[in-house]
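One chain, chain A, links the two complexes that follow: it is found with chain B in the first and with chain C in the second.
For the complex of A and B:
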């Protein structure tokens, strides 16, 4: 039997890289930055967390890049948003060649399990645009859902790092206590706005508005994934004027020209709201994101 | 005296039990009283407890929202298990969208996804190219027709494997006849949980060879496949039956290695169609990210098998693709890609040596051929893209080469609908194969049109 010297050299070079060493920390990859932030909150120094999408990206348009597969290749745990919010994660999972984090294995967490998802009204087909048949996937923007989401994450962390189980639980409780304090403060601050209407670009902030007693007054992108028609914009501007809606809230990646047009014609104030952790520089954690969202809305209505 | 004694005795006999009965009644009353008191005590305790719970509930309801007092899903179902709900009768009776079942949860849920992709193309060419059947869509010149209508079914088979089936139809031109037939385009399983990060895909599949071989017609960057790929692999491209092993090592950079073994059924490039002399394929792919915006994919592929004449045919390819997505953009601004293929093929050399009217094989020769294409696309708006492709291909078994240039424009009203228009000019300096008597189609001008749609779920395309 002949041994190729090139094969030996290749094995010697690649061998050390291919061995997965005993890691003290749990390597987690989350599909979205909100889930990354929540995992960091309950994992602390016991986890190394990365995310596939960035906070400034539209989660519906993530490119299936091999570099993202590489992140998943090394992960012990994969936390995904589910509810159709990260469908691009499926080909990434297959391309990552990492058995541990495939669906059905201990390293796979669907953070949406147990969350009460806002369902689309009426029958669904593509005449309504790229709607999510499974429901509204932006559930992390309701701070009340953080308890369920972190419970799901902690269950996953315990499966892959059982030696840290007690610490994960303790960290989660500590995080939820801080979140409770924040929620009480935010509710107090936003209470004077209860019932006020907000127009958004995409239907990203439904959970946030519902939690804090605000109402959705209209949507610029009335059919998800399809630029709004001039007729729709004209109707929306009329609605904003008639109902005296004061604020238009848009994600960082929304079309600036259209937002400015609607704001100028309707007289409403346009603001940029981060749709995820990292959406703006200040929103660098989950608590900071919620703080930023609430304070931006309160400021906009002054 | 005696009588008095008898009366006293009789009275004693009568009164004594009465006195005892009176004592029993008093005891019973006492016990009843105690029980009543105990009952009242318990009742008061219960009332206090109920009142306490009611007050607590009212306090909880009155409290502002907190996350720690919300019910928590502490015990999750096993991974992969979803919550089940029974559908109501009116839900079952309601007319459904064609693919609504795929999204249902609970009873009636399909455990896989499905989608339909439709791709219609049309072309206008000069009469000479039509008569000689040498247009881009050979035999279907000056026609509008369904090129590829496919039904895809895909999903997880079990924790260990995924499955995918594609059934396809479209207008084809074969042996001088146009026909529309339904056939199996792909059917394969992928074993996901092999050791060492290996995956095995087996069945009938589009080989992962080069940039575009695995891309279906509706996902092509231009209306037609580049000439070099059609000349070297045929219109259907490399769709083989066999197995393909892939590996992504845990390296600091991305590297994917593929190795496959197949029948070699592709008539254009191989044709032996037997595992006795199998088609062997391989591919290496890496990926470089310069920053958040720009990324480059590099790949090299090889395929080696035997032709129907049992002669060796080997193809080697190099490919590159660069995509720039500026920060805040929802689509690529610039895409530049290209692919080169080197074909080395043994062919029989024949001539009618003995004058019997049939060619006699008297030796073999090796044909070395080279072809490439490159394209650049600019997408300044989400719905519009403009591009230009250049092809240069040495014809596989004939002398000479052909060059083609193809500017195109794409309009995408949504992610599920696409229209494309292109002009293609092809020059063939050599006359063999493109001239018949007085007819010559060495230069061909074509207008191409494409309309494509997607219904339901559709898997994301790779980078």
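For the complex of A and C:
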């Protein structure tokens, strides 16, 4: 199809009006894909959700296109992860000049409110690696937290779309009962692995491991973005051998060469785990992500 | 459309501010054959901000900015002191060393920090799309002041850039003027890179100057060509980014590249035409 300049002009002029015309749906922007998926789960066809980050991305490399800024500008609701998981969203929020979705206003949701955040052990100081000052931000990977997160989201949706309040509640209940059924099944499948240790690339999967009775045996890159030191790698390989740790689980964006090195030297098996919805193609919804994570872990230990 | 326009006016004005100072500085930088000096100074400024962060200052704080500027001045000092009259070693080699050592130094420092490299990335990857009107005013004022300093000292600064031998013969304090040049340059680059990122700043610095040297002889015509190209590319880049929904900074950089190729082809045709007639 050829682009006619008149078509572009017409769309640019008429675009905002048609968007205002369909005020039925609530326009939501989420910072991360997990929150997008959970908002879609409780909002269904009543919401139109976009995510600032993509699922495969390391959430610190976000390249913003004008359309995303425009979506933030027109959004009725902004759902963010908080806990230091999406600080890059702050300048975007300021740049979008949309007061409705600024902190303290009805269109702003911090999905972490009320979630029990895993705090780093020991005192927080700048000499320790891999410590988020606010705690571990990857709380959506524990399905038990989904009830709290969706409650926060539904509260926000009701504030900006009160006419759909009953529907949001009903959809949330339906989603949670399907999730509960899933959790029961996943727990049964993963039960034989209880107490097993897993080495991860970053400390991304703490909530997931804790929920399903697994333990963290160590991390490869102990300081995000900084190549691990030779001594750290040697220690880790020794630990894996001594404790007979079988599986190294890495995020989609993790450095393949280092993972292969550790796997080769230690004899453990390396697998990729999606760290968010969209991290692998099959994990296209929250339930699919959890399904994928659990079955990948179970398969790896076989 | 009004929405898109109101989102993009501040980035657009910032592009004009960047064009104003960088197209001018680019003429110096190309004449001195030190095109990567901006990246080296930006990197050493990032090292300064990193040390401020480790001591406990926030990345957005004034202290962090002062540390970054201080580090950039150290870089300026190194660059002006390593300049010798005989020029046995290219200045570009020193620039490369400053870049590599400060980048590696930042990695070592950050290996002691809890969040690791995320903070360094924040120093070097500004996003032109999130610029606010207040930023334009603040940075515009700063660059106007620096422009005024360069205007007042235009004679020695241009003499050292274009004909250092003559400057030495006249008994000018070459190292002192050199330090002033690199220090003011460091201030500009430190601020610009935080706003627009390394790639965009490099393009605004080098491409207008390159086109100017290709097409013009006198300083005035070089400046006019540089500024004209910068403004044209800013407008085209932002329009393309808006209509095709592409990341704004990268779109402008690529338009710069296309514009340079187009200018070069026009220039070749233009130079050949007298001989073929």
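Keep in mind that, in the parts below, the second predicted complex is superposed on the first by the 268 of 302 C-alpha atoms of A that agree within 3 Å, B and C clash if a C-alpha of one lies under 4 Å from a C-alpha of the other, contacts with A are read in each partner's own complex, and residues count from 1 in each chain.
Keep in mind that, in the parts below, a residue touches a chain if its C-beta (ideal position, glycine included) is under 8 Å from a C-beta of that chain, and two chains touch if they have at least 3 such contacts.
It should be emphasised that the depicted structure is a prediction, and the values quoted were computed from it without experimental measurement.
Applying the stated contact rule after C-alpha superposition, one finds that A:94 touches each of chain B and chain C. When both complexes are overlaid on chain A, the residue A:138 reaches neither chain B nor chain C. Residue contacts after overlaying the shared chain place A:27 against neither chain B nor chain C. Contact with chain B, but none with chain C, is seen for A:106 once the two complexes are overlaid on the shared chain.
After superposition on the shared chain, chain A has more residues touched by B, the comparison being chain B against chain C. In the superposition on chain A, A:114 contacts chain B only, with no contact to chain C.
In the superposition on chain A, A:187 makes contact with chain B only, while chain C stays out of contact range. Contact with chain C, but none with chain B, is seen for A:229 once the two complexes are overlaid on the shared chain.
Under the contact criterion defined above, the residues of chain A that touch both chain B in one complex and chain C in the other are 60-61, 63-67, 69-70, 73-74, 91, 94-97, 124, 126, 129-130, 133, 225-227. Here chain A touches chain C in the complex through residues 8, 12-13, 15-16, 60-61, 63-67, 69-70, 73-74, 91-92, 94-97, 124, 126-133, 223-227, 229, going by the rule given at the top. Chain C meets chain A in the complex at residues 1-4, 6-8, 54, 56, 107, 110-118, 120-121, 127, 129-132, 241-243, 245-248, 250.
Here chain B touches chain A in the complex through residues 64-70, 72-74, 76-77, 79-80, 82-83, 97, 100, 103, 156, 158-159, 162, 190, 192-194, 196-199, 246-254, 256, 285-287, 289, 292, 295, 297, 323, 325, 327-332, 382-383, 413-416, 455, 459-463, going by the rule given at the top.
For chain A in complex with chain B, the touching residues are 14, 17-20, 54, 56, 58, 60-61, 63-67, 69-70, 73-74, 87-88, 90-91, 94-99, 102-106, 108-110, 113-114, 123-126, 129-130, 133-134, 143-144, 146-148, 151-152, 155, 173, 176-177, 179-180, 183-184, 187-188, 211, 225-227, 252-253.
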